[in-house]
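These are the structures, in structure tokens.
Consider the two complexes below, in which chain A is the common component and chain B and chain C are the respective partners.
Right after this comes the complex of A and B.
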């Protein structure tokens, strides 16, 4: 391991500070974790869903383009969910399908079917923080919420858009995450994320995600129909809009296999 | 009118003093609005075509402003575990640099390879210290054959690497942002050089170019301005030998500068690499006014006049000449508004303001101060400068030989001006001793030039990049660029497509070519995009809807002519090969390359206007069309000869030199005015040309000599600047002022004696005239 000598005093100072904070703020972290567990608890058991969605990508100068896709998701117990994305637009990638097994702390497993090549390719990379389809969303922003993905710290209560919210700090457990921390606003009533701030490796605010138009499915599961991600550094933004969403459509493991990729159209 | 003004000052010196100081303070308060801008964009107006193209390109693709770190191990091979570990550490730490949005290096290069049907996308050197010797050798081979890396991120001989930090700077507070980035990178280099001794770090890129601009402005402000001040005080003491005179002048200079900078603040003009030298210029130009007034006053005192009388005498004698010379100088500086470089226009305006303020203060504050401060003067007739008279006699005797001699010399010098070449290249603005220049030279010598040229290829409709025809054009263009001798490196998306095609076919070398249909290309790109990690996306090469791509070329540090010629060649090639593709070229280097020529053209127009205005003023001041016409020669020749001398010294004309012509015109005109005014006065009194020349020499010769010494010293000090634009401007202006004196002393008298032979007033005989004239001196 390489140590940067001149940072050493800084490190030890930080470390001791961390220890002090830990002792005093034990409850803040416990509380954060408890809230995260409750959040996950309330969203268990939805099994699977299928959505039709659009991504609107905008540049700093407000040019925009739309990409359309279908998203199939399978709930996986005690691990990240499995997702299958089928691209409909732009035309030259129509039929391209992307399969993702997300994991909390391990790199995701990913495959892509290229219709023009008629082959399934596995992608081996550590790209969780990389952009999804050139958008402002990273893979890790879109994959399911898992308690193990982060360590937590409850910060404060705060009103957001008229809702009483918990404000929680989350630090990614994944080694190659592009973020140092996320600050999440969860409404107290339903434990739904309303706003998330993403901080980059230099600890400055990189992006803000806001959730809009929450709908209730199966009387239990809340889903936002619009996710709005703004990059503060590049001033680009992306909206992810769900046009249609159906739960418990009967999808199974076999619909999320490599073989299924080729069939998906 | 004049009497009222003089009496007001002489009868109420305290009131004058108080009023002047009040106004100066009011003006000076404006300096609270002053702020400094050192970023390179201040050289370009908002309407500048190249700046617009550059900013457009930055908004279509991602920003490309960068700080680069060149790292060279003393051992000479970057592929040692130690150096690789350093590069990796640096790359990781660099993400924490303020405003960093992307860090590229050889270690985090996203290497793609195939393993059966798996596409592996990973850092080329993920864990250098855990790599076996074989793995390192393997990666070395990849690095040195990868077109995206070799000659850009790693030297072809493996002796140096570059780490590139792309920064996304805020629109507000750009300066501080540049400073923060430069400081943080330097700190990181220092920290890592402790852990990894035996490595050299060099900092280049746009961030450090800016840093160099700012550093040189700071150096100028902290060294040249005080140096000029000391020189002025010393010269005043030597010339006037009067404590009060020196002190009063210094007070006038300080108040002038304070008020000028304050007015700059009120006008919202910021300080910049150019305007930071306004105090030096104003000081240089204002000194002359004061010297004229005080010399006359001292003369009066020595003649036994009372102090008030001596001041009145000095004022009456100097008011008009000082006013005229101030106005002509101000006109010269005001024509800097023709410049395409906003900060040069600022420089002109502020200096013009300063010159007129200096005039006002030297006829109000200065006499009041001289009246109030105690002054002792030995009533002693100063021995008239016998040398000047001897010199005049020499000129008169030899004028027939002098004229052809000076004419030939002039023609030779003017012929030499053709050897000058407009050249603006930002790195060359800095002396080789400056760290930035040193680093840029090192980078050029070991890896690649610092000059870049980005080509945006716009193909019209969304996804058009994926069409095989378009991809082929991008690939051909890339290949054409690489074949050009000026090119060090080209980064192009076509290489990525070829590599992916090869990866998708089990790394079969024969597939290192473009995908053959549009869908395949689109799907490769999607696949690749989905596999890239945080910050290393394709936005810097492909636009949002994939209708355009940016091909980024790195070139040797060429002169601006070669640079713009290369641009034209590339654009021509594309226009011919791909008429349907819209192409735009842009880069900071290109902005500098173009500004030199457009600025030169506009400044020539400015100079013509300055010449016309100043000549008109001379016709009015000398009340003679003939004299006005004759004045053209001594006003124009110095610039011609000066630029000829410049061709011998350097021959490189940067944007600073383009303003020298009109600027120096306003200054050298003063000499001509003084000389011709005295000559004409003698002629009107009936003297012939020879006598009039003699009179002119004896009455203003010494004064001209003195002001020239002051001005040349001032501009010589400016030429000490580390910043080429200022240094060259100072040096050439100094040369021209010196030449102007030579022209006025050697050429002009000879010319007048040969061509101005017309009637001597017959009623007076020559001796009488001479005596009369001597009495008026």
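Right after this comes the complex of A and C.
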């Protein structure tokens, strides 16, 4: 009896030692990937959402311009999401709509609807690094987070804005990405991206994205109400602000067709 | 009660699909012509204004909507160019996998940039722009099935719109005035001839395919010399036609390959025509945010010299520069060479940029050269112009 008793703690000590060894054996790449998978896992199943948003574009001389738009998004299992963006401001592009089927490591499929011509134009979208609506956001910065989009490397733990964070290096898997790497700060509590640094093709720091005012939807999904992107090379910046956001609004595949693009209002 | 009203208000405000929208597009345009006109009454400059308001209302949770878009233009020189039109007055009902449209509207078919062979539903509002991109509103009933395998649409077009032509004081005209008040029709039903059209649009991997069929009044008139009192004029003759059209687009990396081909049968002609080309886009050129696009399209028309279109055996090359700045600045330059006649070429430039949220400037220019009288561009050889526009949007 005594033997067994004394054996038990020894066994669990041995077991935890084994576990520690195993954790230490997990490489930085494996840990990075595990964190990315957990991040994606926590954000599955939201189905669809509709948002009203503004982009505030600032030039180096602090001139400001506002763009307004509505965004419809459909969660696609095991692929990038589908998105329909309808522009409301500036007035000359009012009614212009943009349809995007994003893909993790393939080129996205994109169409633009020009209401004056009643014409849907396909966009050659091999290059995802082009700016979205003259902003500091590239198309690839706005598409959904998919695990296959990057290879990962856990760098360190760090405090950011009072939160315990993982710092992860992400290298884009897409060969035509505009970046060599992204450094991402994820809070350990909810696996939400808090800050991302983007490094250009010459591996110098190009942009920093920070997320602000995270709100909880459907008791599970966190969304930042403000994304702030600063370009260090041009000194321009863009804020993407969400005014309204609704989940599970009943959107389906047919709301993301060319026919739907043509009748977007 | 108060709370529930407030909740309701928040819910309604939260609906992303707008119910009622009002837009205005308007501009003041000044044209300068580089040469004296060929005909005595023509002018060297032209001031014009237009306004195009648009009213949209939807109900039934967005399943039903009406869009109304009238258009008015005043031209200081050409009374034929001073005109109005209902560009759109359309009711749309969206079903589960189908759409029904009834009213007046505009339909665009096709993929190429330099000319639109396949696109035959709407009549060209030729006094608006010589590139033929401006269209008159077409009365129609359209039913579309939207399926996984593509979209199939059928169009019934109960009323025909006549093409607009410049008056004696306008530019871009024929030596004789086009007598738009006295058109001729092949069909006894004249403007009331019921035209039919079908279109399928679908995907085959990375290729978009459009197939279309049209049976009805030809939108392109033949101009027949006639006497109107003492005056020699040209009377537009609108025959019947059957046209089958194919349009395709394939994406290969950063390049779009485009094709439009038609076969048209009229009481006078039976011919093939095609436009084929590519558009290649390079983003972030010269270490900036600029995009540069290269366009090249070949135009062929079996009718050769008899073709009423400008492209019988022609090559268009162009470049589009997109600045990706907050002003949305863009420049498009294109050059079209007649491959049968080295003297026959034309070019155009389009540039535009925002001034602020509501105002925009635009510069358009067209340049023509043709020494051969049989070339349709020969009529335009003295009509080179630059147009400055100040546009207002709301």
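Going forward, the second predicted complex is superposed on the first by the 239 of 265 C-alpha atoms of A that agree within 3 Å, B and C clash if a C-alpha of one lies under 4 Å from a C-alpha of the other, contacts with A are read in each partner's own complex, and residues count from 1 in each chain.
We take it that contacts are C-beta pairs under 8 Å (C-beta built on N, C-alpha and C of every residue); 3 or more make two chains touch, one makes a residue touch a chain.
On a predicted model such as this, the values are computed, not experimentally measured, just so you know.
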Side-by-side fit of chain B and chain C on chain A, or clash:
clash
For A:130 in the superposed arrangement: first (chain B), second (chain C), both or neither?
both
Contacts of A:52 with chain B and chain C, given as first, second, both or neither:
second
Given the touch rule stated above, what does A:27 touch, chain B (first), chain C (second), both, or neither?
neither
Can A:41 be said to touch chain B (first), chain C (second), both, or neither?
neither
Between chain B (first) and chain C (second), which, if any, makes contact with A:72: first, second, both or neither?
second
Please work out whether A:118 is in contact with chain B alone, chain C alone, both, or neither, and reply first, second, both or neither.
second
Is A:244 touching anything from chain B or chain C once the two structures are fitted on A? First, second, both or neither.
second
May I ask you to decide whether A:215 touches chain B, chain C, both, or neither, giving the answer as first, second, both or neither?
neither
Chain B versus chain C as contact partner of A:252, first or second or both or neither:
neither
Clash with chain C (superposed arrangement) - responsible stretch of chain B out of 147-155, 255-263, 363-371 or 489-497
489-497
Chain B and chain C footprints on chain A, overlapping residues
57, 59, 63, 65, 90-93, 116-117, 119, 122-127, 129-131, 134, 178
Under the touch definition given earlier, write down the residues of chain A that touch chain B in their complex.
2-7, 57, 59-61, 63-65, 87, 90-93, 96, 98, 110, 112, 114-117, 119-127, 129-134, 138, 176, 178, 200-204, 233-234
Please output the residues of chain C touching chain A within their complex, sorted ascending.
13-14, 16-18, 21, 23, 25, 56, 58, 65, 67, 92, 94, 97, 99, 105-108, 111, 133, 144, 146, 151, 201, 208, 249, 251, 253-256, 279-284, 289, 291, 324-328, 354, 357-358, 360, 391, 393-394
Within their complex, state which residues of chain B touch chain A.
59-60, 62-63, 85, 89, 93, 95-101, 115, 117-122, 129, 168, 190-192, 194-195, 462-463, 466, 504, 517-524, 526-527, 529-539, 543-546
Please name which positions on chain A make contact with chain C in the complex.
50-52, 57, 59, 63, 65-66, 70, 72, 89-95, 107, 109, 116-119, 122-127, 129-131, 134, 178, 244, 246, 249, 254, 257-259, 263, 265
